[in-house]
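I am attaching a structure below and will ask some questions about it afterwards.
Chain naming follows the written order as A, B, C and D, and within any one chain the residues start at number 1.
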């Protein structure tokens, strides 16, 4: 046989290699110049019928899960988890799966545009040169204190670049915000850690190694912090150890998706979570014969039980569970933190953990590893800071506002008056890829690439035990005439010249990223290291990031967590309605999924509603109010009114109504626009002690409108509810 | 002789029914009958044309356009969903197959049993059969997701190298319905040939050409009659099991599925009983309308014929009730979880009124009306009973198809079915049926004159004692 | 685990080269109902979205649906463990014999139910006869860019390995047969057997809780065989004798 | 009988027709040289005629057998050519065969009964034939052939028995 390998054989080998090793790229910096183009103009690495796989980072939320995107002939076909990335270990959530529908979304902003007027969809297309000139002018013709940047939670490399840029021109540092961060109450968690442990950082809850989890409202299987990693933890909790199945109790006013997986659901009255935690703490201390620590000494079990609408027996039963567990873990989160006493709740939960001595132990509470390239965890702005920012805009001091990666017009409570404040800003430049509400209220939209067309990195805030920098690279050539915002800013900086040009003297985005990565190339405990930056970058692309192989979680000292005193009052509520209002992030849709048709059509895990917003009302309450399924009700709080269809939900407290956040867009493309209602419209700007939005602190009234609008449900109502309902 | 006289001891002559009430004993010359039938065919009023125009319009829009729309858009415009994959199209299918049992089966059974009063109305019923099968076939085609590939069900050597699968009840159905359509059309046609020859002999011009072609040169020679008679006998005997098999197989389409409600071994005979009920009930409706709207028909179609049909209806209704009870009690007693829910759903679910309507129309109405001869002989009352029974039977099919398929073993998928474009198409099929019937009533002789005359020749009145007693001779 | 894997009448068909019988295990204790599998399946298999009205009318086309029911009433109410239901790829599949045109046939070599899209004429009998209601029907031309202009760009991510179905065609979960085929081809070209874990369907690949395990159930050493072989395992509607290839591990304690 | 004439005698009713046929018998017209055309079927015995021979039954039987064989081909032959497994059912199923066999047998039986009726009667045929339209009004026509020279005698005899007309039969377009 001829020993020479023919081209055909080579392709065969290459194909098999590509398929089995999954990742085939990162061939040096040259790949920067590789264009990935459709079939007619076959570029390198592209063979007919063979797929090419690129490692990148999911940008659907800021958790930083690694993705492997399958591409073929210049088209991205399928996003799957990157098995190497410690955050998600090859797994993804539903949003990650549908990220391609964002990439190929028919409503993307295809070109840089200048609006006729704010709010108008009529816009004139621009070319990128003039767009860069607009940015350069905005940066150079305004005084530094007249310039503001509002950024999303992802991507981090752009945030770093903008931080450098603002530093160079002397403007205020960019402010970061995201709806998920808002509903996660990150500031509260960080504040609680520093309150109780005397150490800054985002708490890390080691669910996987615990054997009993008490979750106080934490929706950790849905959108909270790093859902894929936490779901893996949950999986380990249940089946990780063949000898025992971890037990899980959820405390919340309605059964959420997370609550649905709990062994016990304790429907505590909203606002009394802290009381319950403290009461349990006291009972645990009593059960374990520990001298009652100061933290729990004020707790009155009977009063707490009465206030929380939970029986004393239940509390005792829960306390005995917690006391006898080998590795008990309590997690604060969700609506429990979004109340006026949210910080107290978080503190109390951490104290409860301290009581059973699981701080810094397996199955206990840690502080999340600090990501590479950063000194500490920098949380996004809480509502207090956003409110200050809005006030700043209102004052008219800001002349130009740059917005990237966030949609505050939709996400912030309307009562904050952001739209009004934005009208005081002379020039608003959005870098949004999608025609969202904020982009609609801006003068210019200079669309950034979609996350899958972009370079970048994301500093992983939490979820895994190691310090992770998730890397992003384009998997296809930009599908539309978009431009990386980093490149726009860098080009503008060069146009402006001066110190700015010399500080940001990078040829392009990748050069900037490389400059940042260069500090990592010889870190000793890295997953890989390299002698020089180009090789390092290649590996960075190939593996989809860089991370340490060691356990980088910080084990804080319990300090005097148990010596804190708590006041034992329940939370305060705004408004004089009859019902507690519980907004929650739609588990599937989250804050930005509404423009993806497959996410819209993916049933909500608890209600199975698709394509719309629903209001959850207890059957008894509904009967009282004469409301049936699909009746449209108007919900009024002190901040506003929204209308939505009712889902008579059997697993919610009768004094509470709940509504998912994620729909109710006024813009954002054909799949999102005009669909459902936005519960943020009902929220006031009241905050908890840590400055986070007290989103669950409203009391609302519910009124039947007489209209009916059928909710689209996956479940057959006939078979699940009513006299024919099955179990 | 004296025995018969003793059987009627107390009847005074005025109490006895007039033997002339019977068509067979009220003979007219054949030429006169021919003239009457021809006159009924040739008489059209503006009312007739108005109705035909309306029907034609309905056929074009409700059937033609709506179906085009359905094909182009896909079944999304229908009301089918998961789990109700089979909706009103299948209801229509079963219903029309049921109606088709009216003619062929009634006329065949009556012919085999030599029930003499069948003679004038067999054709009226057989025509229904033919048109009902057309509608049944159309309903199946409407039901198919890719109707343009329907020919894949035909077993013929093809380039695709793949044949239909005879494991499937649908293939049995396909074969059975094909057989039934062909055979019942021939069965309609066979006794029609002499009548077509009669019309041929009495028409001119292109009309004559038309009838000439379809009378296929029939004269009435001894050999022709003999062959015709034998063929008709073969048909009459053979088509009864075929008709039974057709509706049994229709039932098997459902019964073979592993679904609660459908999976029942009594479904076959139950469907046959149902088909007979709706089919026979359709006869008085048509008889009534033909009799009251067409010329000279009061001579041919008489209360005695309604009486015959009424008696059959009463028996069939009881038979249907018997089978329904069978189908009902067995799962009810067994207490299978899903069957129980299904029963509850049908009787107390959101569409429970259909169930009560069905029982009212199929049991209460016939049982309370048809026991009385006088009422049986009242044509308009019989027409109303027929209509109600048909409503009841349509309801029954609706309960069996979409309602029963709502309940399955996966309660998470239970969605209620609401028909959409099906309603329009159903109107269209009914309009087509009527239109065909209207057309046929002016193209084909509705009365098989030769059979009537044959009967009349064989019937005689004899005076026994004081009364004239109808008797029948054996000249057949 | 099917007790009997040989078809009783395999004399005249394609059973000669059995290439592995594929099966799945779904751990309901782990399934969090997060819908990642649903989304992953839709993206891998070009499953269309049908829009709000159709979806709510029982026409959503996802090949997996995650079922949950309620037990009890407030406050002692619990959601039943999430149950993802996809085609169970029965050994004795009720959907198969009822198809008049052989569009629903059995692969004896892998013991899978195959749905031949281009053969399907849309009688929907198979769906009627599927006790699991696992089949979905293309009620409209959901994938036709002429009717749905939004697909002109969205269609770019369609998987070229999977046919796009048009209206009037029945479809269902295929156990990602394109991935099975790919692995089979790869293994054949390397002259070896398929390794355990080499075929991962999209749902199992995505599942963050690793609740779905997939592999050959004719080999007792595979992960899926071992996972299925616990006291928690059961099949849906086992009493029907369909011998499904999906094993559910009970949720709860 | 090249020198014979074909006559058509039309009678008003059955009795005279029977008498007429009896007369013809007397006059020596064999049954095979006679045919009765009537608007309704009349039992041959009434007219003292031999029963006509019909092959319809045999043809129908042949059709039934043909249908049966076709069914066997459909249900067993097709899977033999294209073996495809479906739902664990036998490739050569018996119950399905019985069903299809029944349907196809019946189709063959009836289809061929119809065809047999046509073939055996020599129809469809659009060639001119001896016929008078009055037949379908209930008249009975007796078609017979007699020696040319004795035609007169026949006509007289039949007219006396009540024949409406006795004329040389004339084939004409129906």
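For the reader, a short list of remarks on this structure follows.
Just so it is clear, contacts are C-beta pairs under 8 Å (C-beta built on N, C-alpha and C of every residue); 3 or more make two chains touch, one makes a residue touch a chain.
A quick note: this is a predicted structure, and the numbers were derived from the prediction, not measured.
Taking B-C and B-D together, the chain pair joined by more C-beta contacts is B-D. When each chain is reduced to the average of its Cα atoms, A sits farthest from subunit D. As a whole-number value, the distance joining the C-alpha centres of subunit B and subunit C reads 44 Å.
Subunit B and subunit D have centres, each the mean of its CA atoms, that are 29 Å apart. Taking the mean of the C-alpha atoms as each chain's centre, subunit A and subunit B sit 66 Å apart. Between subunit C and subunit D, the centres computed from C-alpha atoms are 62 Å apart. Shared interface positions of subunit A, defined as residues touching 2 or more other chains, are 714-716, 720, 725-726.
Residue positions 57-58, 65, 67-69, 94, 97-99, 102 of subunit C each touch two or more of the other chains.
Annotation for subunit B: residues touching 2 or more other chains are 83, 162-165, 167, 171, 410-413, 415. Taken chain by chain, the contacts fit none of the simple shapes, being neither an open path, a ring, a star, nor a full set of pairwise contacts.
Remark: the chains found to touch one another pair up as A-B, A-C, B-C, B-D, C-D. Contact residues of subunit C toward subunit B in the complex are 54, 57-59, 65, 67-69, 85, 94, 97-102, 119-125, 127-129, 131-133, 135-141, 167-170, 237, 240. Across the interface of their complex, subunit C is touched by residues 73-77, 80-86, 143-147, 149-150, 152-153, 162-165, 167-171, 174, 253, 256-259, 405, 408-413, 415 of subunit B. Every residue of subunit B that touches subunit D in the complex is listed here, in rising order: 29-31, 34, 155, 161-167, 171-172, 175-176, 178-179, 182-183, 186-187, 189-190, 194, 197-198, 200-202, 212-213, 215-231, 234-235, 238-239, 241-242, 245, 249, 450-451, 453-454, 457, 475-476. Against subunit B, the residues of subunit D that register as touching in their complex are 14, 35-44, 46, 49, 51-54, 56-57, 60, 74-75, 78, 81-82, 84, 86-87, 89, 93, 96-97, 99-100, 102-104, 106-107, 109-111, 113-114, 116-118, 120-121, 123-127, 129, 131, 133, 135-138, 143, 174.
Contact residues of subunit A toward subunit B in the complex are 714-720, 723-726.
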